[in-house]
Structure formats: structure tokens, C-alpha cells
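The two complexes that follow have subunit A in common; it is paired with subunit B in the first and with subunit C in the second.
Presenting the complex of A and B:
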């Protein structure tokens, strides 16, 4: 008993200390928040989701990386802040030949690297060679397949890069020759895979085709964007500061941007609400409804050109049979997922390409039909007596992904009576495992890199860097090629629609819903307009009360 | 020979002292009820643990769902009941594993003494130095996540203290008369250890085991909290508390109920352990 009293005494003493500590913290709480101070010091605080994989534009593949790179590098053209076409970037003007196959870019003499050196046409030739070199093994190399001979070069069929359709006529003139007339070519140029890198710094830390070298570290990084890399704390923050050599520096009004990394939606949410962020990358699914009511101006739900889907590794024995994949797809109630689980006004997806934005409406259908699903499953040879082996759903750690995975796990259990395991890993591991086909089914989201169905459909070409399902289909490849060669939009879309039908019949991926962008933005941030690809170049933003 | 006079023996005395300790008794009753509920879960749980009523997402306590439902419309009471099975199972099995390894290791080291003792105890010291959370995470990463492995992993970490306690006890018993007598009569070492030494270490061992159970449950909760515990849709208390913590602003019941029950369980086990120590080892008081 004496022991106990002693214990209680020590507990109460701890309590008193704890309370005192709290009072101390509360009394300090009167200090103004970073967001309140931001008008004065012009620092923009952005929640950036997960920790970037790297900051090498030719290696990375994700959205968080894109948001940081957008501040550090600049391509030939830049996106219009309201999504209306393209503005001059490194190129001050350009000419397009009548057949649409030849582009002449005239580079701005004032476009500089962050060490003061000029950005030359040769820099672009070097950079595009870098991403296209087979030894770089860039997943995004196919973005430049629109260049003449680029695909052959990337696949090792030709060795001579001078045959590829990009030439530096002199320091300030770049000539690009395309394989076909490509109506969306300019929109490729705002994607980071086509952005330039600085040759001397790449070769200081490795060869042209080295991956993951030190050049992307603060202090080493040399870019040509409106900002320069100042600091990079892993799993915490990336700080960029205004670039004094940027050609358009007078437009840039925000002095510093901090990108905060966080896998945890709850902590990011708390950060936003306690005035430490201007921008909340994702709203927790459980809170969307209440935020819409209590912060109607800050809560934003906007159309987004992307698809949430489940990637299927067709090289696994269990998933080889397309009937199994169809059964899995028919057993998902997409309407219920968007209404009851994701709850961000998403639209159930029945095709890989999202409908609408560019007037392309795929005619594919996927019925929610448990009966049909069971029938297909039986035809594939699985029944009560021969149970389907246990498979896994892989996803990167996030409450939202987990909820959807759990719902789908339950739907498959209810409708097909199969057991599925959920495996969550961090972003880098997740990307690695997908790349190495080390998964059964993995959650995936694809955001269009440019506003054209091709951005979705050419991803599934045989052997494509971002295909990552092991699936290949010659007929499909042919259709995409024909679409590229087509002369009218109508004809292109006809081929795309046929390709969609193959995809939805074969199902190397199961579409689930069309994304919406669900985020919060502080009213201080001005010049931010909804765009379908969610691109907001930082030079056009400002912080005003 | 029949015992004519009822003498007071150690166990009866201990029981009497335990009964007098109200907190310990309350703890014992609570733990007993909890084990009973966990055993009967499949019969008494109102729903299936993975049944999702997606129309009834995050609803508060009601007549149909006494403790409310989670985001996917699963009944919290059901999930807590199923969770108790996992948490208690981990608690007891891992403790048992720790007990087996710890007691045999400690007995051998204590009885043989000398160099063997030094060597065995240095191994224990070295293992103490390894950050055990990292060890467990490593094991999970290498062998994948499964429940049996978790038992072994936690048990393999928790036996160290047990080994030290038993060794200390055995070392002091080794030179006592009854052991010397047994040795003189030519009883084999193994028999001495199992028949003579082990029963005499039982008191401290029981106490320590009772205190290990809540420790292990906490560890399991911690692992689940890190996302390394049991797999969805199965639930454990740690997992429920983690999910509850994430959504405590929107649905308080998801955190409050599992956390309360978990805390009471830990308290009960600790009170019981304390009570047992007082009862079995009156000298320490």
C-alpha cells in the first residue's frame, strides 16, 4: 500500500509539471503565425504531400516533385496562370512550319542559369539527349518520342543523337523536328521531363546518364527557374529563394517558398489550421464535408485531369487471366466509393482517360455486377472448392488510400469471397516496387502531363516506362501510333476510343474514379486560378492581404 | 502420512494476502472478464469484424451500434471485441515465449555459474544494447508481417529481464542445503534445475510475467500504431487507437472507447502484478 501511495504521489507530481508546462506553452501562443507574417516577409508556405523522390527532372515521376521543380527550372515555354495557352519561357518567341512538324525557338538572351551563365540552345540538346539515352533509363523518355527518331534512339536502334529531331542552330536558336504534326507539342514543353539541366554540374557529379548523383543537393543545384534551392531537410522541408539571375525576376513577387513534406494528412491539416501553411495539399476525407461548410472560401474542389486506378501486375500467375481481372473490376461499386468513401465530388471512372476536358468522351462501360463477376471468376476456374490465392494491394501510406483499399478489400470479399491483404509502404519504396513489378495490385493515380488523351493512353504502350503492369498488346500499340499520325482531331479520337476499349476489355488497370482536386488555399495567396492540370507557376502568384 | 493440522503454506498465504488487496482483486476480476469476453467474441459480437455498412459512416453511439461506427461503417464494439483477442493473445503468448526462454536461460546460467554464467549473461547484456524496436521492425521487414512472427519477435525481446531475475534467484539458491543434498545424492543437474530450483523461482517469475503482459500489449499497440501490427481488416487495440487518433476531431468515440478500455486493462494487469508481488514475496514490502 505504501508503494501505491508513493506512486500516486509521483503521478500527481507529474501532472502538476505537465499543467505548468501547458500554461507556459499557451502563454507563448499569442505570437503571430507564419501565415500572418507572410505579407511582411513574402514567404509562401506550401503543404507538398509526400517527400520527393529526387529533384532530377529526368528521373522523377511524381506530382510532389513537379511542384518543387516548377520553382527551380523552366522550359522553353511556361503555362499561362489561368490555363489559357502558353507564355514565353526560355524561348522568347517561336515559329511553327505550315505542316506543323518544324518548330524554331528563339531563346531569350537574358535567360540565365542560377550561376549567371546563359541558357543556350545547346543546353536543351544536351538535356533531351540525357533523357533519351537508353542508359539513363528515364521513365519519362517517351514524352519526347514525338521528336523525329527519338524513339529509335531511346530504344537503341540508332546510336547517333544528331539524327534526332533537335538541333542548336546557334546559341539562341533551337530547331525541333517532329515525327508527326503534334497539336499538343507546346504543352509537352511545360512538363519537367523536357526541361533543361546544366551540363557542367551534371558532369561534375557523374556522367550524362548517372542517376541519383549529388547534383540535386542544395549548394550544388543549378537551375534556371524563378527560384534557387536553398535547403532540403529530408521528410521536413525544401526551401527555395528568389533567383537573382532569373530573366523575368521583376514579375516574381514572393521572395521565398517552403515546401513541407508530410505523409500524414492529419499533421498537415493541423499545420494549415494553425496558420503554418498557405496551402493544404489534401483535405482528409473525413473532413471535406465539414470544411465545405465552415470554410467555404478556402475549401476548393476543382476538376482535375487525372484518374485514380488500380494497376494490375499481369505477369503474376494469379492475375494472368483477363477474366480474373474483369471479375475484380465488375465487383467494385465505384459509385459507392466516390459517394461514401472518397467523398470529394469525384466521378466514377469507366475508362482510363478522364472524359470531358478536351472533349474526348470514351464510350467504354464497366458495370457493377457481382453476379457477372462471380460467373467470370468461375470461368477462370475459381470456385468455393478451389479458392483464389491470397493477393496483395500495395499503396503508399495515406489515410485516403487506405480507406479506399479497405472498401475494395471488403467489396471483393463480399462479391467474390476472396481474401486480399493490404500493404502500405512509403512513397519511394512504393515507386520502386511498382517499377520492379514487385506487387500484385497497386493503387495508382495518373495525372495528365498535358491536356490530351495521349498523355494517358501512350503510357500503356508495350514496354513504356510508366506502364508498370507487364502488359503489352500490339493492336493497342498500333492504334496509338495511328492516332499520332492522324490528321484530324476526329480521327485521332476515334483511334483513342478503340484503344480505350482494348484497355477496358483487357484491364491491365482498373479505373476507379476521375480525380477532383480537393485542397485548401489561404485568401492571402493571389493570382491562383483553377487549372485542369493543377499547375500554378509561382512567378505569377503574390501574397496580399 | 496425512496432514492432520492445517498448516499455513506459501500459496494459501499468498491468496489470502491477495484477497485483502482490493485493487489487485478488482484488477484480477477485470482481466478475467476480459478474457472471457475475448473467448466468447465469435458468439457475442453483434456484427462481423469486417462487415462494412458504408451507408452508416462515422455514426456516433446508438442503439444498433452501442459504441458507434468507424468511417467505413464498421461496428466499433465488434472491432474492439475482436481486437481484444489479438491484443490479449499477443500479450499472453509473447509473455509465454519470454518466460520459456528467460527461465531456462537464467536457470542454466545461475546453476552452472563460473565462465558459462559470465558468457551467457554477457550475451544478455549485449542483446540489451540492441534497440529492440528497430530489431522488431527489421524482423517484420525481412520476414513479412504475420502474427506468429510478432509473438516470437516480441517474446525474443522481452526475455532478457526475465533471465536476469531467474539467474539472480538461482545463484542464491545454488549453495543452499537442499541443493547440496541433492547433488550429494547424485541427482542429475537437469533434475536439480527442473525439480528443485525452478519451483523456487516461481514467485518472482509469476510476478514478473504478470507485469510483462501489459508491457507486451503496449508494444503491440505501439507497433500497430506505426503500421507494423496486424493486417486490415483484422483489428487490434493498437490499430483502433491509431485510427481513432487520426479522426478524433470528427469522431471522438473512435478514440475514447478503445483508449479507455486499453488503459483500464493495463492498469488492471499492473495492479494485479503489484498485488501478486506483495502477496508472494512479503519480504519485499
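Presenting the complex of A and C:
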């Protein structure tokens, strides 16, 4: 009897626990998702990668920061939503002198800060001084080096800012003087490092050159973009709401944008697929194919202004001879890599600068030719009897980088019979080893800051911080310098093309493929067009069924 | 009891100091620094940054500066997030991590003790084998597998529960993270309470209680459970500390803005002050929770009390 009671007791207790648990789950039931509700709410939910470091345009350097700042601030011009040049921003119009060195920007009288104050030419002078002050220690200060004397001011060679090429003629007119004719100058103005900040709020919380003050917090932030900062929950979400003072507020149809921070691709992917996001920042390599089939309208693969390449440390004895580097390059089947490994419709690279059909299209070629590779290797003195020493491919932890490194390892083994060790390290160790030239070959990627070959090619100048190969070539340096001083686009591109030929002949880096942007976008989001720098100004977007 | 607390707190000081020193040396010897970025920072900028964050001072000076700031309760500025202090970031993530750990431990205790006791009372029957097999599976499946699996089933396929976030006002957003984090601990609790109960059920005082004619319910709940759960209680101290410190996996899977995520990010970002701050904080929590477990254990078991009072 007692046993029976006990049995009933324990079974019923277990059942109660299960029942409570199930009631809890079932009570939740099928819910409508934020994306389903978004047409009515007019709220855009975006996956935004890692947590933004800050929202100070003169301090930050990352893509997640850029995406948030694009909603909060606006420069003199804005990117055309379809990537067709530039539209008026704070400047309603501009004039360029015949020699291309002087710009006069006429500011829109209706351009306001989010507290209702007018955006003036002086705001730009103040902001550009702020980013160029050496004590601000802004990493993107070099974006403004095209201005007369800006580099000298930033490096402390001159102290007088009035000598730098930016002047406020009056509240509505800004005069900019460049050191050379810079055809891509307008494209620099859509980069957040050139956007204005509001002096009274900067100086309320610190000095002009203070880093990390509280001016970027909700309640303090004063911007001039289409949205204002409403809430910032660390490692969670940043919420921005429509700015009633924005000069072009009638164009803005989405009421609110939520930027979700996530450092985990799987988690963001699940969030998207469960209807919590309109935009998934990136698709895992292993899922691209299946998503293309399951979500054909949502999976987007678009051209991107970036190159995936292998850096070669030319200071290593094994890699000093350019014939060895050429052999390594010819032994890589890029077509196979993009089709079978990276699988995101990337374009096999034939130059370092991504080919841009509208503008610069390099005339270089890189062929997959194992026979030629073996011949070059032989000429460099390596054969069956004198084997090439073992080298390493360094890469930072990532499934994608690993798969590509494995493919290249196999191709070099098959085509040149060389042994390559794969070295996988964490991000900071990887950066440190590259900086100290403590590697043989390392994977790398470069995305242009602005749509111009200079954004790629000036990186390989002798002694350049991002060169990181130990390679230098005076002829190359001269060509890049001449391109900067050239007066016509045709002439510039001619110099750039010659520089590309030197790079592809010398191969301090081996280009693998031109990137594509692989992401997912919900069909409700309208007005989102492919652009090579992946910029989508929010004022031109809408949410419609 | 007071002696026990005093002794343990006294030992905690050199332990914490050792943790700080070892962590400090380790992070400074790790390759790469907080200001190494994809786009190389010019030497002028690097110099300014090092100066602003006192990284140009000799290492011993940085160490003693850190200790003196720590004594004032200041854990320093985050190197990764300009404008954020480590104190601010810890206290922004801590309530969420605490809440997650609290629900998970409640889930683990409730489920574990029920299944464990049932298994002990029904030893060698299917009511013993089934929960014990499930608990073994619970221990074996890591949260990094269980989390996405639960999200896929309940979030994507069935559409019942949110797959990520920790949203106040939406309690269902907390179900999957709690189950993911609590399952392994529930499994341990089940096995420990089964073992504890089995030992206690054979004791003389249980036989006496039965002989006195008490109902089986009273014998189990008021007599056996109290003694049988001592192993579970001693496990709870380290378990809560482990839950807090190990919550980063679940926080990452479910995108929960807790302290664990800051901890992991800090290590990858070489955010020196943040790594030190969170390490010190978690060490402190582990010490405190172990102490609490000892105190509760002593309160429940007269033998421990007597040992300590000698």
C-alpha cells in the first residue's frame, strides 16, 4: 500500500513538472514576428555584426560603427542609393575649380542639428580640425591628407590649422583646397571620418581632442542625420528614431531602426530565419548554396570593392626570388577556389585593384598554368633533387580562411610538390605577426575605403603601414605619386595600370579573388540596391509588403 | 562559524592577488595589443594612444598603478570601447548574467532533485534507469550543441520561442537560454541527489522514522531529503560560480548581453583592463559562492558544524 502511494506520489510529481514545463512552452504558441509586424510599425531590424566601439565618427574605424553612424550623421554629400555618384547632403551644391584643386560647397540653410541649430561651414572646419589634431589620435585622419597641409598638421610639422585647406567663408560657404587634383574627393566625403560633429556637445563633455567622452550616449548625442540616437544597450541593440529636424525628413519613411550586435554568425542567422531581422549581415560559407535554393529571393550576392589575397613576406630567403612567387601564383586554380571552396560567386582575381567596369579595369592577367609554374620553379633553382623548403600559410581563425588555405596547400603540393604548413592563430596574434613580418605567407583581405584604385594601390608604397610584405619598388612609388598629381582621369588610370603590372609581375601579394557581398535581405525592404561599397543610406529605404 | 568565514576571507586575499598578478603578466605577454587593427595604426597615432592609456610606462609601474586604482574600486577604462569604464561594463552585464544563472540553477535544482530522488526511491526500475540515462546525456551534450539545436526546433521549426535575446517583458525569450545552461547542472544534481538519497535511505534514523509509523511522504520529504541533499548543496557553490563564469557560451549562442560575453570578447580584443576586471570579479564570485556553500552545508549537517567549531 505504502509502495503504491509512493509510486503515485513520485509519478504525479514528475508529471506536474513536465506539465508546467509544457504549459510554459505551449502558452507561448505561434507568435507574429517583429518582421511581420514591421510594415505596420515601420521599424527596420538590422543584424549589425560586432558591438560598435563607440559612435564618435573621428575615433571609430569599423563597419558596424559605419552602419549606425550612417543613420545619425551626414556629410557634405550623400551616396546615391543606386551607387550612381553623389547627391546633395549638407551641401546643396558645389563648384570645382578648373584645376580640380578647389571646391566651394554651398550649405543647405535647412540642414540642422538634431537640437534644431543650423549646420554651418564652421562646423566642418571644427570637425576636420578635430580629426586632424595629432592629440585626437584618429586612425582615419589620413582620409583628409588630400587637403592642403593636412598631413603636415596631423604629423605635428605645422601647428597653425589656418594653413590647412579648409575655410568657412561664411555660415553657408565652405572652401576646400586640395594639394592635388583629387578626382575621388567627393567619395571621401561619404566616409564618416569627414562628417561633422556638434562643437557645443563635444566641449560640454571634454576638449576638442578628447576620446571616449559621454557625448555619444543617448540623450547627449546631437547629430545631423536622418535619425537620432534613442537607446544603446551594450552588446545588445542600438535604437535610432526619425529625426524631426532632418532637412530631407519627407524622404524618410522608416520610423525606427534597430541595430542588433552579434559576434556569432550562427546566432544572427537563426535570428534572421525566425523573423527577428530584416537583414542578415553575412551567410556562412557552408550555407550559401542551400540558402540560394531555399531562399532565392532573399539571398543576395553582389559585387564588392575588395580583394582576397595572400601576402608574401619577401624578406624571407625562400620567397625573395620573384620567380618563386610567380610559380606559387601560377599554381593556384582560382576558378576552382571560387566555385568549390568560397562558393559566393566571387570573381577570380587578375589584379590587386578589383575590376570596376564603370571606372578602372586593370589590363593585367594571372593565369592558372601549372606547367609554367614548374618551369619558373626550376629556373629559381628548385627541382626533385633540391626540394623547396617547407613554408607556412598564416591565417586567423575562420572556417572560410581555413578551407581556402587547405585548397591552396593541396594545389601547391600537386602542382609544385612543396610542403606547406597551415598556421591558425587568433585575430590579434595574426595582426601582430603580420606587423612584425613574422610569417611566410599570410591570408589578407582589403576593402576599399573609397571607390578609387588609389585606395588599394597606395597601400603597397614603400614603407607603407599596410604594406606588410617587406616589398618596395621605386618605380612603383613614382607611378603612384604621378597618379596623385595627374590632371586627367585617363592619365591617372594609365599610371595605376602600370603600377598594377609591376605588382602582378613582382607579386609581393598573390590576389585570389574579388569579394562579393553575400547576405540576406527580407523582401519587405525596398530601395536597397547593390553598391560596391555596400552603402545603403537609410533615408531612401522603405518597408512595404 | 564566524571563524570559518574569517579564515576563508583571509585566504581569499593572497588568492586574488595571485590571480591579478598571473592574469596581468599573461595578458601583457600575449602577442598583439589592444590597438592592433586590420588597418595598421601609424606610429604617431600608436604613440598617442599608448600615452593616453599609460601603456608607455614600464610594466611594473602599470601593475602598481592598476593595484592602487583597484584598491579605490576603479577597474580602469576599457581599451576596446572608448568612453566605457570596466566598472560600467561589468555592472551593465552582471544583472543579466545573474538572472540567467539564477533561473538556470533553479531549473537545475528543481528538475535534478525530482529526478534524482525518484531514481533513488525506485532504484533499479525504469524510473531509475530512464532519468539516469537522460541525465548522462544531459552531462554529455555541451551547451554549444544543445543551444542551437533547441533554437532550431523551438524557434525555427515550431516558431514557439524567440531564438535570441534576453528581453524584459518577454519571459519566453528566457526559456531556451535557461534550459541550455541549466541542463548539464540539472543532470549533475540528479545524479548527486540520487547518490545522496541512496546513502541516507539506508541509515538508522530513516528506519527509526519508518518504525515510528511516519508516512512514506514524511519520511522522504522531511527526513531523507535533508540528509540526501547535502552533496547537492556542496555542489551548488561551485555550480553557481561555474554557471556565472561559464555563461559566456550560452550568452554568445543566444546573443544575451551578459558579462560572460564581455569576458570572452575582452580576451580576443586584448582589452587588458576588461580582462583583468572580469577575471578579478569572477574569482571573487567563485570564492564567495564556495564560502556560501560551506556555510549552508554546515547549517544542514551538524557534523560539519562540529568539525569547524573544534
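Points to keep in mind about this one:
By definition in this document, the second predicted complex is superposed on the first by the 337 of 545 C-alpha atoms of A that agree within 3 Å, B and C clash if a C-alpha of one lies under 4 Å from a C-alpha of the other, contacts with A are read in each partner's own complex, and residues count from 1 in each chain.
Here is the rule we go by: a contact is a pair of C-beta atoms (placed from the backbone, for glycine too) under 8 Å apart; a residue touches a chain by one contact, two chains touch by 3 or more.
It should be emphasised that the depicted structure is a prediction, and the values quoted were computed from it without experimental measurement.
If you count the residues of subunit A touched by subunit B and by subunit C, you find the higher number for C.
Using the contact criterion defined above for the overlaid structures, shared-chain residue A:409 touches subunit B, although it does not reach subunit C. Contact with neither subunit B nor subunit C is seen for A:39 once the two complexes are overlaid on the shared chain. Of the two partner chains, subunit C is the only one touched by A:135; subunit B is not.
Residue contacts after overlaying the shared chain place A:271 against subunit C, while subunit B stays out of touching range.
Look at A:422: by the touch rule set out above, it reaches subunit B but stays clear of subunit C. Applying the stated contact rule after C-alpha superposition, one finds that A:435 touches subunit C and leaves subunit B untouched. Touch criterion not met for A:169: it reaches neither subunit B nor subunit C. 2, 266 are the residues of subunit A that lie in the contact sets of both subunit B and subunit C, per the superposition on chain A. The touching residues of subunit B, when paired with subunit A in their complex, are 23, 50, 52, 54-55, 57-58, 71-73, 227, 231-233, 246-247, 249-251, 274, 278, 285. Those residues of subunit C that touch subunit A in the complex are listed here as 30-33, 36-42, 44-45, 48-49, 52, 77, 80-84, 89, 92-93, 110-111, 114-115, 117-118, 121-122, 127, 148, 151-152, 154-156, 159-166, 172, 175, 215-217, 220, 252-255, 257-258, 261-262, 265, 268-270. Residues of subunit A touching subunit C in their complex: 2, 5-7, 9-11, 13-14, 17, 24-26, 28-31, 50-51, 53-54, 56, 59, 61, 134-135, 137-139, 141-142, 154-156, 211-214, 216-217, 233-236, 260-264, 266-268, 270-271, 273-274, 276, 426-433, 435, 465-466, 468.
By the touch criterion given at the top, residues 2-4, 266, 284-287, 290, 336, 340-341, 397, 399, 402-403, 405-407, 409-410, 413, 421-422, 424 of subunit A touch subunit B in their complex.
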